[in-house]
Structures are given as C-alpha cells and as structure tokens.
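Pasting the structures here.
Two complexes, one shared chain (chain A), two partners (chain B, chain C).
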Partner chain A sequence: MTEHITSVRTYLLVFIALMILTAVTVLVAFQDFGAWNDVVALTIAVIKASLVVLFFMHIYHSTRLSKLVVVSGLVWLVILIGLTLSDYLSRGLVGLASS
Partner chain B sequence: MSAEATTNLPRRVNYLNVDHGVKSWLLTKDHKRIAILYLVSISFFFAIGGLMASLIRLELATPAGDLVQADVYNRLFTAHGVIMIFLFLIPSIPAVLGNFLIPIMIGAKDLAFPKLNLASWYVYNLGAALMMWALLRGGADTGWTFYTPYSSMYANSEVILTALGAFIVGFSSIMTGLNFIVTIHRMRAPGLTWFRLPLFVWAHYATSLIQVLGTPVVAIAILLVAAERLLHIGIFDPAVGGDPVLFQHLFWFYSHPAVYIMILPSMGVMSELVTAFSRKRIFGYRFVAFSSLAIAVLGFLVWGHHLFVSSQSILAGVIFSVLTMLVAVPSAVKVFNWTATLYKGSISWETPMLYAIGYVGLFVIGGLTGTMLATLGFDIHVHDTYFVVAHFHYIMVGGAVMGYLGGLHFWWPKITGRLYPAFWSKISALLIFVGFNLTFFPQFVVGYLGMPRRYHAYPEEFQVLNVLSSAGATVLAVGYILPTIYFIWSMRYGERAGANPWGAYGLEWQIPSPPPTHNFEEKPVVTTEAYDYYTLKEKRVA
Partner chain C sequence: MQAESSRAWGLAHHFDNFEQQREASYLGMWVFLVTEIMFFGGLFTAYVVYRSANARAFALGSKELDITLGAFNTAVLIGSSLTMALAVWAAQQGKRKQIALFLVLTILLGGVFLGVKVVEYRAKIDHHLLPGPDFHFPVTEVDEILGVQEGNVEMFFNLYFAMTGLHALHMIIGIGVLLVMVVLALRGSFSRKNHNLVECMGLYWHFVDIVWIFLFPLLYLLGRNI
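For the complex of A and B:
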C-alpha cells in the first residue's frame, strides 16, 4: 500500500470551493424557496461534507476497506433517520397516537 | 490435568514479573497488563453497583417505603443502573478478557494500537470519576435511561455530571472497539483465515462494530440533554417545536444495540467453553460466526420496541415489533448450536462448564421473554413492570455476567498462572445459579400481576414474591463474594497451572501461563481450523 500525497494545490482548490459554498449558504438563507428551503440548504451541506471527507480526510485515495467504513457510517445514519421518520411521518395515520 | 503442567519452570520471565512497581503498570502498553487494570476497575464498580442493588432489595423486603425515601430510592436505582451498565457490563468481557485474549488468539504480539488501549483505560476512569463525583453530590434520579423531559427540564439532581461521565466512558468503549477491528483485520498470524478464527474473536468483532457505529449517537443524545438543561435550546421541548420522544429514539438507537455489546462477547465465551468441555468442534461454525454479525446488524433495527407506549406511531410500533422478532432468530441459532455441540461430546463438569450450562438455561428464558415483550399487545400490559426488569436481568446477569464469570474461571490459570480451588468454585457457580433464579423468577410473576418498576413502596399482596426475591439476592451476593476471595487467595497460594490445564484447543493454550510479554517466542503459523479437538486427541495418543 503506497501513501498518496495530496498536492497543496488540491487542498487550496477544495478550500476555495468550501468558502464559495459557505457564501452560497449564507446567500440562499436570505431567499425563500418555500418547501424547497431545506432541500437547497441540505444539498449544499452534503456537497461540502463530501469534499471534506474525500479530500481533507483522504478517502478519495484510500483503500476499499476505508471507503467501506465511510459508506457503512452513512448507511447507519440512514437507518437512524429512516426508522425514526417511520414514527414521525405516520403519527397521523391511525388516530390514537396524535390525537 | 495435562502432562505439560510440569514443564513450567517457576522463575520464567512473564508479563507479570517482567517489571515491578506502580509506574510499570500505569504506563504499560502491554494488552495483558491493561486487561488487569480494567479488571481491577470494573471489579471495584461491580462491588459499588452491587451495594446499591442490596439497598434496593432491602427496601423492597417490606411493602412500606420505610428504609429510604422515594427520592433517595430513585437515586439508588439510577446509580445502580448507570454503574452496572456503563462502568461494568459494557467494558466487562471486551476490556478484560478480549483485551487479554484477542492478540493471543490471533497470534499477534499486541493490539494494533497499544497506546490507544492504555488511553481507553484512562478515559474510562476519567468518566467513572465524574460519575462518582456526581454520586457524592447526591447522584442523578432519572434512571439510567435519562428520559426527557424529566431529565432536561424537571429533575433536581446531578443529571449533567452523570451524563457527562457516561459520555466520556463511551469514548473508551469506541477506542476499544476500533482497536479490536483494526487488530482482527490486520494482525492475524499467517494461515489464520477468517474462518479459522476462534468464535470468541468473531463475537468481539461484531461487538466492536456496534461500539463504533452506535456509541457516537448516544454520546450526542446525552450531550443534547445537557445542552437542553443548561441553555434550553428546545430540541426536546414541545413548547418550542421540540419533541421529548426524539430523545428516546436517539437513546435507544444506541442502547438497544448496547445490550448486544453486553451479550455478544459472552456468547463468544460460551462457544469457547462449550467446545473445550465437550472436546468437540463447534456444531455449524459458520452459522455461529455469522449469527454474531446478524445480531450486530439486526440489533440496530429494533430500538422502537422500547417506545411502544411512548406515543410512537402505531405503524412504527408494528414495524419495530416485527423487526424485533427477527433478532431472536440468530440468538436461537447460537443456543441450538451450543446444544448440538454437546451431543455425543465427552463432557466434563469443570467450573467454567457449570457456568456455561447455567448460561444456556437462563439466556433462553431471557430471550423468550424478550420475544414476548416484542409482541405489541402483551407489552402494553407489562411495560414498566417487574416483568421487564426480570427479562433484562435474565439476559444481562444470567447471560452476560455468567458468561463473564465462566470466562474468568476458564482463563484465570492463563492470566495468573495459578489454579483456584475446584470445590469452592463449583459451590459458587451453584450458589449463583440458584440465587439468581430465586431473585429474578419471582419478578416475572410479580410484574405480570402488575407491580410497576421504580417505586420504593408496593401493595401488601406482592410481599411474598418480593421477600423471595430479596432472599435470592442474598444468596447471589454470597455467590459473587466467594470467587472474589478464592481468586485473590489463588494468586499467592494457588497451585501452579501448566500451559494448558484444561487440555483445550487454541493458540492461547500453547504458550506458557502466564504468557511472556510478547506472547509468542516466534510467530505462530496456523494450519488447522478452530476447535480441532479430533486432531488434538490423535496427537496426544501418538
């Protein structure tokens, strides 16, 4: 296994991208997209998080095992949110719980 | 006893006598010494937690709430739960037996990150110290579950300190898990393929996955409670759009899997004991190995069974009820396979085997009552009664603690190089089995009859069952004190154990007792499957 050395250039580019996206986050916060507000904010956040994980945390050039670890973390997050939502989204379905 | 016993010269250098003095222990990076450090810490907290339990049972010997006030009682059962779960059961088998044995079982010199291993012990003690400080200031009164909104808005006790302690101890658990995962992936001896690993290692691998994937969630949930108390950010407060049930989701997302952190390692111990004392390979190795992984994964899909009556939606209740039934399947696979391993084995009734056989019976009762509780309708009747208390004690004490003690009795000669008195250890195993059933079986009955948990007083009609339970707890206490005495006694006066006093199979039995610091003189090469007792026998005869 050889260590991949990320160039300073890449770090700088990623950093600039993160800064720009932060500015975008602030800008869109002043716009009202109605129901899409959350979607827009979360999309930007996910892009930023991915950049950090892939480059700053070196996953882009890591072994398959490391990638698997990251992906399982995400899958577990989906389980946590998904099954919790199975409660929240269905509280109105059968009267009792929400009445 | 095997013939190897005599080949062990008394003055050999081993991990215990290689170095002396407090510093050599507190700064050690040897996984075996760190295991001993953990053993000392968790035994101390087991004693404190046990003391709380004694006070609880003493109060419940009479229907009137006369020994302690309601508020003190709340603090007692909270301290009991928090200490037993976070400071004893979660670290018990992994941090002591796992730490000691995993590197040896896979033919390595140490864990992958020895310093991280030592750090985990310090982090554990830091968290534990915070909890003890909280306790001295009066402790928390929320129960080990820290439910909101009581914990976040109303409780007038040391919730933040206690929760912070649990938060910190969680990190030591993550460190241990991480260390095990990397070690098992990267440091196996040549020839030791995944399917030649002892099942003890498989069980710890599955446990480590839970520790790494689950613990961060409870850490954040606990931190949110603290933030809510201090800053009132409102995440659990409906008045400002929050939701108290959200806490229960976050808490049980970890804490149901956490019950498997407690039971899986003991299942690993069981597979070692059952094979060693019936001199047979395990029945269905791959099923037992994969059932550990299945339990680890499925365990994350069932947390909602704690929320059946917490205003969780009915649809979610049904989903979680069905998913919960699924997790009983891999648990049952293990029980059937251990039993099948006994079939036609040449069984010997040494002390560890007594614990193992007791374990099977108690775990089956605990697991089956769990499946009863998973049934929505039944749970609504018995939720928050002593039925639930009995269920989880059958698994956590009847299962996990019995497994821990069985394992400790099995590997004690390896750890210390000494044998303990066979007669007294059998007596203690017997006392624990009888005392345990006497303590907790009546709780199933009294719970089914409607006695709620977490009250210091109860109606007169429940007294007989409660007195039985308190009497059982006394027997149980004797059963726990006895090993403490003869284990300590054996360290000085016990007969010297050979390398392999049980004639068992596995790398740990091929090195001297106690092992040298680097475990192996030369790196072992593994050419056989685990539990190859047949070949072992042939070799003996030849």
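For the complex of A and C:
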C-alpha cells in the first residue's frame, strides 16, 4: 500500500471543523440539558477525536490492520471503564453522575 | 558485504523496502499509543467513579477553573496539531526546510500551552486548591446539606492535577523529541521515502491533543450550568 498524501486543504478543513466544535462545546456547556449534559459534551469530544484520528493521524487511508489496532485499543478502554462501573453501580456505591 | 552497501541509505536490513518499513513503524507506533490509551484510561476511570460518587462536588471544583484559559489552550493545541500535520506533509514531499519550520511552530505552540498551564497552576496554588495540608475550599451550608464535603472537592483537584500533569509531562517529552527532530530535519536526515520519525512523532503529538480534547470538557465544562 503506497503512502497516501493528505492535501493541505483537507488539513485546513479539519482544523476549522475542530475550532468550530471547540466553540460549540464551550457555548453548550452553559445550557442545561439535564441528564443529557454529559452526553452532549462527550459526543462533541468523540467527534473531534474521530476527526483527528481519521485525518491528522491518517487512519482513514491506512491498512485494515492499523484500523483494527485502533479499534482494539478502544475495546479495551470500554472493558476497563465498563467493568469497573458495573461493579460500583450494581453495589450502589455510586450513582449516575448526571442524575 | 557487497549486498549491504548496495542497499538504500536509511533502510533497515530486516525490511524489503521503504514501504514495508513505513507500514511497520506506523503500526508499531499505534500499538504504543494503544498502551497510552490504557495509561490515561486508568485516570479517566478514576474520574468517572469519583464524579459518580459526588457530581456536585466536582461541579463546584470545575467552576474554580478558568474556562477562558482552558478554551484558549484547546485552540492552541489544535493549532499545534495542524502545524504537526503540515510537518508530516512537508516530510512526504521531502522539503526539509519546511519540515523544520513546521516543527518549530509546533514547539512554539506547545510552549504557549505549557506557559498558560503554569499560570493556571500558580493561580490554583495561590487559592489553596492544591491537594494537601494547604487545601481549603469553603463549602456552603446548602452544599453541605446536598452531601458535599471539602474532601470531595479536594478529590476533584487531585484528579485535575494528576490528569493535566500527566498530559503536560507528555507534552514536555514531546517538545524534547521535536527539538531533536528539528536538528535532524536541518541535517537532511529525512527524505521523501524515509521520514518515519516525523510521521510517528506526528501520531504521538495528535494523541496528546486527543487526550486534551477529552480533558477540557470533563474538567472545565461539565457542571457549569449548576
């Protein structure tokens, strides 16, 4: 697989998108969506992180093996947080932060 | 060693060609970054658990942080990611002066970020918000009834300093490596075919950017509306 060279135009567009999303996340932080506050903030963060991974880090044009490694990293993170919370929440030691 | 000397400069003996070498280093760097996800993951898990235990205390702590400086630093770091990406772009074209230029810009933006972080840390220490014997946070009666104790807010600042501190350490290491790379770029160590170091450094820098993309809303923004 030959190296794909991302154009400067793509980098600039991703940069502008990241800046706009930063402004949006600050603005919506002062609005109250109740239990959805965390969801809104994290959704914007995930979109920003995805843009960085796909374009700045070239995963969009990489091999399937590289994509698999990235996804596997996220799977382990979900296991780490998910299993920890399943313990804490099911024992009633903590409640959901948003409630 | 006739066979050895006929090989292209910069191509390790265990690779068939530059393409294979590039793929291997790109993949290897990603495997390292996956371990970094787990490294920071432990702290993020701690944040989730303690915030779940007392969300109001975390909101009170979060309000003590300077949202303007936080947003400014987010923009600075995203800008440094852009210049880092352009350094990799310049390396792919084999333009060595441009590689050095974009790397220097990345270093400067990274320096601005760390400078603002120092200002923020100083203000927190001055306001007795550094966890330890000097920590003091006045909890109102209303908040006390709602279950907030000083120690809960202190835990927020424990996590604030641990998470942003580990992130800043990554940036300091990154800037150190970037400085070496500026010298290498000016010496002409990178070519159109062989610029794996620049690309891997780019991956590392973008990863540090992503960590901040999550730290900013979690530490500075959540709980603003309480």
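Brief remarks follow.
The rule is short, and it goes like this: the second predicted complex is superposed on the first by the 92 of 99 C-alpha atoms of A that agree within 3 Å, B and C clash if a C-alpha of one lies under 4 Å from a C-alpha of the other, contacts with A are read in each partner's own complex, and residues count from 1 in each chain.
In the analysis below, a contact is a pair of C-beta atoms (placed from the backbone, for glycine too) under 8 Å apart; a residue touches a chain by one contact, two chains touch by 3 or more.
As the structure is a prediction and not an experimental result, all values here were calculated from the model.
Of the two partner chains placed by superposition, only chain C is touched by A:V26; chain B is not. Once chain A of one complex is fitted onto chain A of the other, the partner contacts of A:W76 extend to both chain B and chain C.
Between chain B and chain C, the partner in contact with more residues of chain A is C.
In the superposition on chain A, contact is made by A:N37 with chain C only, not with chain B.
Judged by the touch definition given at the top, the superposed model places A:L13 against neither chain B nor chain C. Within the superposed three-chain model, A:L93 lies in touch with chain B and with chain C [touch as defined at top]. Once the two complexes are overlaid on chain A, the chain A residues touched by chain B in the first and by chain C in the second are 65, 72-73, 76, 80, 84, 88, 93-94, 96-98. Partner chain A is touched in their complex by these residues of chain B: 185, 213, 217, 245-246, 249-250, 253, 300-301, 303-304, 307, 311-316, 319-320.
Only residues 19, 22-23, 26-27, 30-31, 33-34, 37-38, 41-42, 44-45, 48-49, 51-53, 55, 58, 67, 71, 74-75, 78-79, 81-82, 84-86, 89, 92-93, 199, 202-203, 206-207, 209-210, 213-214, 216-218, 221-222, 224-225 of chain C touch chain A when the two sit together in their complex.
If you check the complex, the residues on chain A that touch chain B are 65, 72-73, 76, 79-80, 83-84, 86-88, 90-91, 93-94, 96-98. Interface residues of chain A, counted against chain C in their complex, comprise 1-3, 5-6, 8, 11-12, 15, 18-19, 22, 25-26, 29-32, 37-38, 41-42, 44-45, 48-49, 52-53, 56-58, 62-63, 65-66, 69-70, 72-74, 76-77, 80-81, 84-85, 88-89, 93-98.
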